[in-house]
Amino acid sequence: MHVVIERTLKNASSYFQNFFLQDYPTKGTLHSIDPRVKLLSTLLFVILAVSTFEPKKLIFLLFSLIAISAILGLNLRRLFSRVWLFSLFSFVVVLPLLLQDPKYPFLFTLRVLIALVSVQMLIMSSSFAEICSALRSLKVPEVFVQGLWLAYRYIIVVFQDIINILLARESRRVSKGSHMDLWKRGGESVGLFFLRSIERAERVQLAMASRGDKIFGIRSKFGILEIIYIALSLFIVLWCIVL
Amino acid sequence: MHIPDGYLDLNIAGLFLVLTLLVLGYSIYRLRGEKLTSLFGVLSAAIFAAQMLNWPIPGGTSAHFVGGALAGILLGPYAGCLAMAIVLTIQTLVFNDGGITAWGANVWNMAIVDVFIGYYVYRALSGFNRNLAAFIAGWLGITVAAIFAGIEIGLSSSFAYGLAVTVPVMGTWHAALGIIEGTITAGVVSYIATRRAELLEKKEVGKASFVLLAALIALSPVFAYLAESVGYSEPLENAAKILGLEENPIYEGLLPDYSIPGLDPYAGTLISGAVGVLIVLALAYAVRYARSNRKNA
Amino acid sequence: MISAKGVSYVYPDGSLGIQDVSIEIFKDDRIGIIGPNGSGKSTLIFLLSGLLKPTKGEVRIFGMIPDKKNVEAIRRKIGVVFQNPDDFLFNPTVKDELLYVPRQLEMSEEEMKSLLSEYSGKFGLDEILHKPPFRLSGGEKKKVEIASVLIFRPEIVFLDEPTANVDGKTRRMVAEMMRKYDGTVVITSHELGIIRELCNRVVLMSKGRIVEETTVENLSERRLEEIGVI
Amino acid sequence: MISAKGVSYVYPDGSLGIQDVSIEIFKDDRIGIIGPNGSGKSTLIFLLSGLLKPTKGEVRIFGMIPDKKNVEAIRRKIGVVFQNPDDFLFNPTVKDELLYVPRQLEMSEEEMKSLLSEYSGKFGLDEILHKPPFRLSGGEKKKVEIASVLIFRPEIVFLDEPTANVDGKTRRMVAEMMRKYDGTVVITSHELGIIRELCNRVVLMSKGRIVEETTVENLSERRLEEIGVI
């Protein structure tokens, strides 16, 4: 039993860790746009999506966003793989309403889907450090951004630690153990891991102290590229209104 | 319990954003000059991981471990609230779990309601029995938070279920799940209390803040009800009306002389939609062109 | 006892661990694995001990391909000292760490007690037996790690950088124990001294491949310098 | 530049880190700290660099007692290479790791670029610049750690076991860099070779105390053996 749990845990940790770290080397056009601009236009697109139930506007939005993603260098396959689950999720939630209004579940899901795509356009084209520094330059309080950065790094470290510890347990597991053991030792292992992580984090914090923990601003690069992208976003808003 | 984009009406989302910013801002003000501890970081990471296991519930959003009460007990209400808000922000900005427009409501439920209820329940009962106090704090925190989520989506007209469905669905699911949440909360608290008791030392929090917060939390559903009853209509249509554009102007503007009989409004919409997409394409290519110029420079 | 044939390992993120490696380990061998940083020594150890599954090729341990059924039997006979003790130690106290395997083997209380006092004495751990292993100095952690592998006397021991961070006295003691060890020993180390002292066969690695297999006597300085070991 | 007077440090769980230690570090010193496992070397480094606050006694850095106001100025001048790189590396990629301090110092893009290519070239990190630092081999981690400290050229560098887990070529390169280093260098190592090569002053520690301070030439083998270093 605990072998199964450990294996599941290991797979899940690797999955999340990969999720956090992927997309670093690829650089499309969208990647080089100032993250502040991307953040704000994403917000705009999401608000558009959630403020209407009109099919024509929703379809126009969806087409536009997918076209932009494709032209500006996002991998559509990966984009889809990141949005389908949550969309399906929403569809399941409202599915019982199909009988009252057959259109509603589809339109509702479409809104959710468009919002997800908009947010993915930001996430898939910006590193978390860039997002943090964008938030900082948009006057989000420093503690908050610092906390975001701190938590983000610990999440990565904690997942790696889980993977390492599970391998270590495997290397010295010479008998299968019983279910009783799982209950007796399971809780303690979790607690111990937590404590260990805290103390490890205390050492990492020393390292951060020794190297400074200022959030560095990523230099703003406001240019023609950003201006055209803003124009593009505003055009979409306008068209959504008049359509 | 994360509310995605598209579930909330914008006026309700806006109301909770304002309330959340008020409380979060006050918490940050109270934390000024303090360094974020490593417990803060690790707890955020742990809660983040625990929240990833979530599944959809028809008539509500999703059910999962929350951890707000735990954060409140271990970090105190202000840092706990900040930690939870940070976890929720990362979930929005990395996993896209929880919507951007619903950020205010999500933080309100899981980072404010859950944390403050957890903290105060624990404080009130811990003199009596520490483990039981932590259990009740965890259970009550998640249940009430879920009820708030139910109220928010139930009041929203975008989400076609009414309060009569959403509140019971969210409430009962999480009251059941809350037993696990309570057990874990109690387990972690008692473990920490025996191994690193100094981490549990907490400063007192003033009575005035408590009363104010309790009042805000208790009144927020009323505000939400009022906001919704002011009347909700689609903002985009409103904007179009204000600009006097509701009569398919593009179609007429673009094709003024095409009064071909049989070209119905559907085709018109189709054409204007296609034109819009074409312009979007052109602009997107312009962006790409500008990028290649920047690279060469 | 262990044989690898055409084994490659690619990490989940696509990094190459080792590539097309074949090697055979016989009973009572003393093998030293040498190579510059990142040449795949630790990866090879994980593969040979059955902790990682090759992405290509085949590793047979005691003639078996490790699977769910035989894994415990294999684990009992193989000890692995990880390069970084922080990745290895997970028990609440040093004592639990040392007794982790003996307890699973259901040894008697007396046997465990005598083992504990023998190994904790040898490695000088008496004073820290009740501390959690993550609150030790770097070298103390490594000592606890080595002790908790040797304590169950595996037939094959893999030691990944056993001398990193440990003091001279402990180093001598470990070298002494390994020389007398009644079993097979595989060591990686950047300190060539210990390899020369203990091993007869030496495997040279570079960029994920085995580039040479010789005896200690035939190790050529030129070759070592060429691949960046010295 | 740094002076410690009667400094003790007790860890939160009550373990003794160091006890009643006094030492003075002068400009351009090359100091080696030697002692068996658990004798308090790493603890001493944390105290001297101002990262831990003594539980008793006083540490002055550039004449100041580190506090909130002067801490940034102090940090900029002191570099610390931790014994365990896993405690040290926390950025998403090796490149971010190397540029972590330069970015905070708001260097210009060109300057950073040239620093990056210089150090990543020297330490052979070009191929792993885009990997997350915790997915590296043990020695690669240590190399990244050393490079990301030396890259901002601190006035004082503390190196805790710089040669553990690194290959011979890197070891030579680091020794070479430290010998030519324009600043103060403090090293702990269980490998006496590097201390002999680089240092003039040597501090011997045992059980949390400094038991002797001499020059490299006067290091007595007998003494070293007595406290368990060799």
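By letter and in written order, the chains are A, B, C and D; residue numbering begins at 1 in each of them.
Everything below uses one rule, namely that a contact is a pair of C-beta atoms (placed from the backbone, for glycine too) under 8 Å apart; a residue touches a chain by one contact, two chains touch by 3 or more.
Computed from a prediction, not measured in an experiment: that's the story for all the values here.
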Using C-alpha atoms only, the most centrally placed chain is A
Cα centre of chain C to Cα centre of chain D, whole Å, reads 28
The distance between the C-alpha centres of chain B and chain C, rounded to whole Å, is 49
Separation of the C-alpha centres, chain A versus chain C, in whole Å, is 39
The distance between the C-alpha centres of chain A and chain B, rounded to whole Å, is 15
Flagged in chain C as touching 2+ other chains are 13, 86, 135
Expected list for chain B, residues touching two or more other chains, is none
Two or more other chains are touched by the chain A residues 21, 128, 153, 157, 188, 195, 200, 204
Per the touch criterion, the pairs are A-B, A-C, A-D, C-D
Interface with chain A, chain D side, in the complex: residues 46, 49, 51-52, 71-72, 75-76, 78-80, 82, 84, 87-93, 96, 100-101, 103-104, 106, 109, 130, 132, 134, 148
Chain C partner, complex, touching residues on chain A are 3, 14, 18, 21, 164-165, 167-177, 188-189, 192-193, 195-196, 199-200
Per the touch rule above, chain B residues touching chain A in the complex are 4-8, 10, 24-25, 28, 31-32, 36-42, 44-46, 48-49, 52, 56-62, 82-83, 85-87, 89-90, 92-97, 99-101, 158-161, 187-188, 191-192, 195-196, 199, 234-237, 239-240, 243, 245, 249-250, 269, 272-273, 276-277, 279-281, 283-288, 290-291, 293-295
Within the complex, chain D is touched by chain A residues 21, 24-25, 127-129, 153, 156-157, 160, 200, 203-204, 206-212, 214, 216, 219
Within the complex, chain C is touched by chain D residues 11, 13, 15, 35-38, 41-42, 83-84, 86, 128, 131, 135-140, 143, 160-161, 164-172, 190-192, 224, 228-230
